[in-house]
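Both of the next two complexes hold subunit A, though its partner changes from subunit B to subunit C.
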Partner chain A sequence: MRSAPVTAYDLKLALPLAGFFALFFVAPLLILILVSFYTDTSLTQFGLAQYARFLLDPFSLSVLVSTLWLGVKVTLLCLLLGFPLAWTFVRSPRLAQGVLMLIIVLPLLTSVVVRTFAWIVILGRQGIVNNLLLSLGLADTPLRLLYTDGGVVVALAQVQMPLMVLPLITALSRIDPNLRDASSALGAGAWRSFVKVILPLTLPGIMAGCLLTFAAAITAFITQSLVGGGQMLFMPMYLYQQSSTLSNWPFAAAISIIFLVAVLGAVTLFNLLGRLSRGYAQG
Partner chain B sequence: MIDRRQMMTTALTLGAMHAFPQLTQAQARRLVFATFTGSWEEAHRDVLVPAFRKASNNADIALDPLLSVDQIAKVTAARANPPIDVMLHDPGPALVAIDQDLVDDYPVAQSAHYKDLIADAQGAKGPAPFFQVVGITYNPDKIKTPPTSWNDIWKPEYKGRVGITNLNSTLGTGFLVEIARSRGGSEANVDAGFKAIEELKPNLGAVAANPGQLATLYQQGQIDIGPGNFNAIQILKARGVAVEFVAPKEGAIAFKTTIHLVKNSPNKELAFKLIEASLSPEVQAKLMESPYLIVPTNTKVKIGGEVAKALAKDHDEMKKKFVFQDWAAINKQRSAWIEKFNRDIKI
Partner chain C sequence: MTESLTTQSLLLDRITHRYGSSLAVDDVTLDITGGELVALLGPSGCGKTTLLRIIAGFINQGEGSVIIGGKAIDHLPPHRRTIGIVFQNYALFPHMTVADNVAYGLAARGTDRATQSARVGEMLDLVKLSAMADRYPRQLSGGQQQRIALARALAVRPSILLLDEPFAALDKNLRLDMQIEIKRIQRMAGTTTIIVTHDQEEALSMADRVAVLSHGRLEQFAAATEVYDKPQSYFVNTFVGASNVLTGKLMDVNGMEGTVSLPGGGQWQGQLVGALNRGAMVRICIRPEHLAFSADADALPGKIEIGLPLGATIVHEVRLTGGASLKVAGPRAMGALALPPGSDIAVKPAISGAVRIYPEI
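Entry: the complex of A and B
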């Protein structure tokens, strides 16, 4: 009798997880899609009214666009601040790396609510930033930092930073240090080495980091609503309002499907860029 | 001997029973009371539950602290075999629950306490065991002259120091309706209220996402004055935060919080006993004391303490000083108002 090759695996092993996903993820998603096609809140008639209501309404579309735009701003800020951090980490001696890693991961170990409240303390009328500005005489009255677009972006960037830095560290530490030496031996300056060698090789890490940060930033209900307040409307809050306060489940379902499709679109775009970059890195 | 297969089956069954305890209790489960989260749950666990147990010969009861909307969602999902027996609701969601046919009539004839409730607290679909009251909250360290009227919030000296919530909450919606009424509007027409909020913009330091967040903003000095829930403010005060509550001279906004028998509940009798306990003068008198300070609805309760000092010294004065709103009319337009608020209120 021939035994099965040791490297082959039995698909049946994945069945419990597949069943779990089918029951608790795919089925609810299908129900959500179904609900979004009802035209009335008592779920009696089918139609496309909810989608029309959203897609033909400039206000709703502006909520979608501002949510995606918020994601882009947070992602760019994370990349801008996170790349030097990851770079420093990779170049540090082992002991410093331990300390740095603790600092980088620390935000993940505290609750989002706690982190977000810290930002309210920092950005408030009597917060750290305003007190500093007032005592230095740079402002006469407290500035409004909380409940502004900038405040939300900064708070989200801090909250989501580990999601950007960790993939960057992985990508950067995989680069052979000889490549940089080779590049400078061949006459390239530091900047040229960075743009031509380091950056292309870290692109997969950048893409992964951007994807994670973007997805986390646009769906961060708690941070968006606590730092943004009750009058800055992003998709998660819009959805919550319709489903919870107004019990308008079909419209809420349609909002979430549209949001889902928009996010999938953004993810596909990122992936496309990622694939192009891989070609660039190897070509 | 037990073989491996049998062992596995037993283990799986035990696991399933652990994960889904309802499986084993499908026939007779204990009474489930959906109260509100936070201090309400504490108050009910400490006072109402012991009173109920005494009245029901130590019957088993579980508290399931949920927001009104979540209670409705949970019951709607299993109408025939609801996982909740007694629901607690703010006025808006209460009407939704009644409209969706989720609650039974309260057996008024059998009730010992129903007739003692003040008229505004009676209701065939569910009586009110307490009122929630909204007035003006302010920071006495920063504001030396206590405000007396809703209009004080518009004073230019409070530039950037006023906090409100959006219309997702009963508090925010009630406030909008009240300022609309004080400027010639009504529950049917709150345009005057929106205009007033427009005029309030220079003063607004925060539009909080929910009343819980609004309360914490006093602590951080982000805001110094605004509409606030009497009970939420008492909790902050008890923790040493500098806040005071005043009932404005136009009258404080009162919401009746109603308690309901869930339709198709398998524990009808126990549910009735729990509601009776919540209406009884003993329980209400105890809940009125510190630290709960919950406003009683039973006229046999002699009002005292902080409630008497800040709100009304007896039920006659309560009737005069409390302003009740027509939530049936409010619910009809709430969705349109929320949409208008979304679009127009940007600070």
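Entry: the complex of A and C
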């Protein structure tokens, strides 16, 4: 009943926003779709040539797959590191929570470019990591960390970490602490309590965090390009090359649409999995 | 399966606990016989929940020892203690059905599925909620959730059952039903039970013995009737049941008896509680039903302020000539009316030994 007044607002009030969306989101998207159906760069002939070109080209497909795979790796790393962090945050005293929260959201308060350059400094041949390894005698020559897959994953994970940790914190702090106590009084050890009680009740937060991190990681043009360097090509850069450098607009448009569909597909699949586990979680 | 069908005694031996520097439990010793139902009674913040959490092992007490069936269990984590606990907010697992909630402790102990489901059925029968087995906690009423929490705690046959204000969220009728229910189940299972409450009627009606706590200290631990009839401290006397309080001066001491002179004139005899010397200023307590109107010389004169006929009893509010105000309660005869306000009367204790004398502050 409480939601009634919300929908009772005059729908006309939503018109400016609707207009904004129509003009700057729906219209460009339609144009994009339209452009992707031209077979030539001068936009004269309709056809499916651009889609065929992408889907039949092993190189293009490998870019798509490696981009999605990059998203998966970053998401998993964020989850792996983010969960303990969120857990620590929830169990900390108030004062420590303030400090932790500042550290957690700090990446959001600095520019992506700045953060990415910081990673270049850290991972470079003369970087902090290599200097440390050399001076500890753990390596004889500087390791190649920059322009590697691992480097990109780590840098992206750091950059996107808040997107994972914040939903996890929300989910974890909503759990009644008595549930853990009830579980242990009933004879469950720490691990069983975690798997049977805490984890299922945190699932909505895990889902939200994973979706946000995944979406952000696969589209992170700046970090992907700067830390990945020229050797690694991901969808955003591929798109950029085709449109800006080669001015092949129809192909770039087709890449966009395919990327969009692939991401939507991945998200839907993930949601489906989540729906199943949520069914297990809440009936 | 670890079953403890035999009833177990519980001894809290000189338990003290501090949160930081604030004392929550102060040197509490409780010796509870196997199968007994004990109520922990006390005002908010007196340390009741803290004591329960110490017994369950959720917090480690600073000093003292928890001993079950003669064995100290201080080193055991909660999941090794076989203690059932029902939380004030029930703490049912929201993502599990009623049946899964009740089976949780059995599964954690590695009981096989057939035994689990038999036991779950048995428990749900016990709390009369077999029809709800496949529901989720949010689909149950407060009273039903409470019964499921009880079934879940009892399913593993705990040696000790702890209930933290289990009826606080229930309305009066349901509360009475549940009190009777719990007492019945507790009798049948023979489980040593501690029930935390700040409702004194609940404590007096349900418990074999009542432990009264104040500021983390144990004020008295005795049978319900004894706590009411022979309170061992001023706090217990005023916290449990209604009491009139007067101040006076101790004129004479004779063993455990004392004579107190009251400010408005007159002297009353009473029981001394604690060591008191002649000439000390004292507080005396007497329950309204132990006072009566009297024409005797030692009765204190006063006027009726108001009279309330409450069905079976009549309560009169009396203003003494000395200034103090007293409540006098007595049975109401058929057709009897309250005395009109302003009537001149005099009151004195109707029963010897009903006046209790405590040190001033």
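Basically, the second predicted complex is superposed on the first by the 275 of 283 C-alpha atoms of A that agree within 3 Å, B and C clash if a C-alpha of one lies under 4 Å from a C-alpha of the other, contacts with A are read in each partner's own complex, and residues count from 1 in each chain.
Methods note: a contact is a pair of C-beta atoms (placed from the backbone, for glycine too) under 8 Å apart; a residue touches a chain by one contact, two chains touch by 3 or more.
Please read these numbers as outputs of a predicted model, since none were measured by experiment.
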Touching partner for A:275 - first (subunit B), second (subunit C), both, neither: neither
First, second, both or neither for A:174, with subunit B first and subunit C second: neither
First (subunit B), second (subunit C), both or neither touched by A:200: second
Touched partner set for A:245, first subunit B, second subunit C, both or neither: first
Which superposed partner A:127 touches (first subunit B, second subunit C, both, neither): first
Greater residue coverage of subunit A in the superposed arrangement, subunit B or subunit C: B
Subunit B versus subunit C as contact partner of A:142, first or second or both or neither: first
Contacts of A:91 with subunit B and subunit C, given as first, second, both or neither: neither
Contacts of A:226 with subunit B and subunit C, given as first, second, both or neither: first
Shared subunit A surface residues [contacts with subunit B and with subunit C]: none
Sites on subunit B touched by subunit A in the complex: 67, 69-70, 72, 96, 160-161, 165-168, 172, 205-210, 213, 216-217, 220-223, 334-335, 338, 341-343, 345-347
Footprint of subunit B on subunit A - complex, ascending: 59, 117, 120-121, 124-127, 141-142, 144, 146-147, 225-226, 228-233, 237-238, 240-241, 244-248
Touch list for subunit C against partner subunit A, complex: 53, 56-58, 77-85, 87, 89, 91, 93-95, 97, 104-105, 108-109, 136, 152-153, 156
Complex contacts: residues of subunit A adjacent to subunit C: 176, 178-179, 181-189, 192, 196-197, 200-201, 280-283
